[in-house]
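There are two complexes below, and they share chain A, which is joined by chain B in the first and by chain C in the second.
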Partner chain A sequence: MRASDYVVLRTQALRKTYRVAGGRNLVAVDGVDIALHAGETLAIVGESGSGKSTVARCVLRLVEPTGGDIEVNGRSIMQLGSVSLASLYREVQMVFQDPTASLNPRMTVRQVLHEPLRLHLAMERSQREKRALALVDMVGLPAAHLDRYPHELSGGQRQRVGIARAIAAEPNVVILDEPTSSLDVSVRGQILDLLLRLQAELKLAYLFISHDLQVVRHVADRVAVMYLGGIVETGPAEAVFARPTHPYTRALLSAAPVAQWGVKRVRLRLIGEISSPIDPPDACRLVGRCPLEQPSCSRKRPPLLAVDAEHSAACPVVLGHEREAIPGAEALSRRSGGEGGATGARL
Partner chain B sequence: MSAPHILESVAGHDATADTPTAPPSPAVQVAVPTRRRAPLSWSMRIGLAVLVFYCAVALLSLVWTPFDPLSPGVGEGYMPPSREFLLGTDRLGSDILSRIMAGARYDLGITLVAVTIALVVGTILGTIAGYYGGTVDIVISRCVEVFQAFPGLLFAMLVVKAVGPGVLNIILVMSFIGIPDYLRLSRAEIRSRRNWPYAEAARMVGNRSWQVAFRHLLPNSAGPLLAFTSINAAFVALVTASLGFLGLGLDPNTPEWGSMIARGQDGVMTGEWWLSFFPGLAILGMTGAFYLLGDALSDLTDPRRRR
Partner chain C sequence: MSDVLLSVENFSGAFRAADGRLTPVLHDVNFALRTGAITAVVGETGSGKSLTALSILGIQPATFVRTSGRILFEGRDLLTLGATALRAIRGRRISMVFQDARAAMNPVFTVGQQLAEVFRLQHGGSRDAAMAKAIDALRRVSIPEPERRARQYPHEFSGGMAQRAMIAMAALICRPTLLILDEPTTGLDVTIQSEIMELIVELGRSAGLTACLITHDLGVVAETCDAVVVMNAGRVVETGTAEAIFTAPQHAYTRKLLAASLLVPA
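Moving on to the complex of A and B:
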């Protein structure tokens, strides 16, 4: 379900490490390749600490990448200086997670919306006024709200202002950093519908950062699942949700509640907690947690392997590239018993 | 009204409270806040009123005082307050009321100018240091810390002794003493906000980094800064008077409140209390007003605290 083959945003071997105490490196993002096509929604899913937000912030150069390359509309943005970053922000915008913190408490909605029009598009005052009116209308706010301060708006209204600001300068990529996670459940659906409507109207490409699988299922065309800085599975949303392949994806999906009668779910549980991102070895990041683990998993970090044409996962064990295919349930229970892990593993 | 209906109207309020599709229930109308300015607090009113009064007196003294504040012998020496000399006369027979009125020019003028210079210079440096961090921050902060090694009054005494007396010198010294405080405060304020999403958002709508620092972050620090400015003004007024009291900085005959107290201090023992009492009261009134104003300003400048 791809709107276009034109790639608006591409990262190649994107890497971000932080120096931590003792001269060691915390690897937040490790070799991430994504390609976002015009008009589509690519969701990056993962738990906290998976590096999904860091990818988003690298793309906007809010965080300086340590390595790799980022291209926006065919142009590498890695070398952009502080001044030419403004040209990047005409093409890529962001909707922040917390609408309250992302609005200047001393600026009215009008002032917030005039800024990108004045600075990016160099509009005259009367043009700006007209455009600001159109923008609040597009995001479903009454024109009277133009004179309000953020503290005079509800959470959902604030996020609408944040969205209006993001689309004001007509970017073709919008990064949505968990745009609904700080909102009431009742408002969430409205904001998602608004985002989908705007995407259709304005032909926007969304990079959608989220940990909420229900939301992702609702909005995403394609999904990339991140774990400890790397993408472990990627593909069309239907395929990933219907046939999750990587053990981490399967654990993630089976942990989410399903509101449906009579669906008996096969659960896959991981052992223990997320491992340390500090100086990780060249191995599968799931080593020590995975019920399907093979000795070969510790030898080399597995690359993404094709599941089918568009769908790929970084697990040679599941995909039968290793000696054994998916082992049976008995074998698994024996394994977990032998390891004496805190959590049992069942398939 | 059925349950889904209620949900709908609540949800509708969030998006389009004013469109005809959303039924205007009373709850919705209450929930919509209106913009109104809070009435000024009492500490604000009193502080402002007193300071306006001092300014008025200072201006008035330029054109009119009951007697010439500088000429001795307009009355007898040590005359107690009376009809003719409302606040009495000093040792040389000068009218104390006239001298206090003229003194407002010195004490208030020095304070206001010195504080303004310190506020502007300190805040600009602090904002730069706080927003850009790194080497810039280290250089600025270290340079300023040198001045902070000395206690304020001692530093002022040393410098005034070295560069000589004069209103301009006192102003410069007093503003120099203030700069590190404004710098530290604004630096901390900006640092705590520079990684806020709204600072990043400001960058993303096309602002240059200095615009983010000075137009977006600094105005949000105005409350604490203005409140501190007012309280700092009280301190500056006190140090200015202290310099006068110690006989530093200005010509001893200048009608400055601190030096007036010094001239009258012997009288406190022998019963001529009015010589030092009234200039002291003038200082107390001014510093108190600055404190009151500072307290009230922090409330007023924060839009979230307007009701």
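Moving on to the complex of A and C:
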């Protein structure tokens, strides 16, 4: 359940377009509204080209949004200059996908951790050293690792350093951009446990960007499913996993393999590959790929419609019908029962 | 069903440093690939799964040396074959699909040219006939508009389409007895991944292929493979049918890997 009603991060009609050849526009993010509450985890789920990472980068102004608004702790960050942006990074920090690429190979762990303490908290050296020691301890690394360089650490240890750096300046929002995608599965669970523990201890709100549905199901309170630049379904994680409504959500969930014997998935299959994001028409994003397509789908882009109180999906076709009659729903609700899913689905 | 196509027997190997010192990385690896089956070799980083697969084709890194064991394919030890004999086996008898298909293809030739060239190397014939075979192979792996796609370069293909073309080359143009797939869907989106795996299973069945799937993803294995070899730190820790590995894993590492894949406590 939601930890708080206080919204730490809000985007409204967030839009990012890129000019491409021929004066056309590539629409990477198209009207995304999200509200992240204090202490909760909101997962943005999607595949390549969905715009999920662009949303994450816009929130930190690493990518300049083309339109819409972003508020962090009640303050719009759209007009911040470079000096005020530094103050934003006290409130919002990011953990990147590849811990090897996101750590300076010439800096020791100590130097990596001292930097945000010096820049954001203006700490003296002795204070920094004390805090750096506390930080490595919080992320489960021995103090001796402070003197190591990234190449002397394993992938999981490097990601722990990335996490320590992100929480160093005591932000209340952390953007996690695929934080476990480059890790082995046995390490993935440890890093997720660490993130969950830190969230509880430090009351952090996580914007969790991921394509890994297993991971999202494990950590998220709420989920937003993105496809081709827009949110097609959003709601509490258990509702979205138990009653996926939008055809894209169903296709995505029913395509994810499960490491269990005898799980039989009822697939909802999309046709072909993701459509072009260049000058997309005012139509449903799934037009041309959706097995449930109706003529009305091409006329206008459907808005998010209520499924339940907090669960909504942008598909009037599914919501106008008896949901259980459509493939992809039944298998998924079966898989959602119990930890790890697939209860009763063995053959 | 004891018909074994390839067996890795007591295979050990090491990396040789510049000063001649050996660092052992594979320890007494044993497993067999049954004819007509899809066998998964599963492991995490550093398990030795890819090194073992590359050794089958003789394309292991130059610093890797075998210290003992053999790899028997149709009664012959592949590790003792010379360059010419190996070349006769590569592609024709055993072919391979790599992780990043776009990187594995030549960027300056069209996809059709590359498939056609491999066809001519293996089977001879005219350029036009080879190109027709290439287009036919692209069609059979469900690439839309295969005539147009054959004229495109690898960079014009999406990751999923390039992997389809790679599979067309390795399985349909080469027509091998054994197909080795090294992480064929890693890096692909899950909706694309499941289609690629279905294609592999379907081709395996229809073409009577024996396949060896190198992967870290137990989810993919559960749905597609007949047998599983679990590797950890250069050793085979468990082998068995897929059903046995998933329903009654014996080794502690296998249990740990399964629990981690499902994110449940071990």
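The rule we apply is simple: the second predicted complex is superposed on the first by the 314 of 347 C-alpha atoms of A that agree within 3 Å, B and C clash if a C-alpha of one lies under 4 Å from a C-alpha of the other, contacts with A are read in each partner's own complex, and residues count from 1 in each chain.
Assume a contact is a pair of C-beta atoms (placed from the backbone, for glycine too) under 8 Å apart; a residue touches a chain by one contact, two chains touch by 3 or more.
Source: prediction; values computed, not measured.
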> Is the number of chain A residues in contact higher for chain B or for chain C?
Replying inline: B
> In the superposed arrangement, does A:Ser186 touch chain B (first), chain C (second), both or neither?
Replying inline: both
> Taking the superposition as given, does A:Glu273 touch the first partner, chain B, the second, chain C, both, or neither?
Replying inline: second
> Which partner does A:Pro105 contact after superposing on A: first (chain B), second (chain C), both, neither?
Replying inline: first
>> Just to be sure I read the superposition right, which of the two partners does A:His211 touch: chain B = first, chain C = second, or both, or neither?
In response: second
> After lining up the shared chain so the two structures overlap, which partner does A:Ala256 touch, if you call chain B first and chain C second: first, second, both or neither?
Replying inline: second
>> If we overlay the two complexes on their shared chain A, which of chain B and chain C does A:Ala134 touch? Say first, second, both or neither.
In response: neither
> Once the two structures are fitted together, what part of chain A is touched by chain B and by chain C alike?
Replying inline: 186
>> Help me check something: in the complex, which residues belonging to chain A touch chain B?
In response: 60, 62, 82-83, 85-86, 89-90, 93-94, 96-98, 101-106, 115-116, 118-120, 140-142, 144, 147-149, 151-152, 154, 156-157, 160, 162, 165, 168-169, 186-187, 190
>> Using the touch definition from the top, list the residues of chain B that touch chain A in their complex.
In response: 7, 10-11, 13-19, 31, 33, 35, 196-198, 200-209, 216, 219-220, 303-304
>> Taking the touch rule as given, give the residues of chain A at its contact with chain C in the complex, in rising order.
In response: 47-48, 155, 184-186, 188-189, 192, 211, 213-215, 217-218, 251-252, 255-261, 263, 267, 270, 272-273, 339-340
> Any idea which chain C residues touch chain A in the complex?
Replying inline: 44-45, 144, 158-161, 189-194, 197, 216-223, 242-243, 246-247, 256-258, 260-264
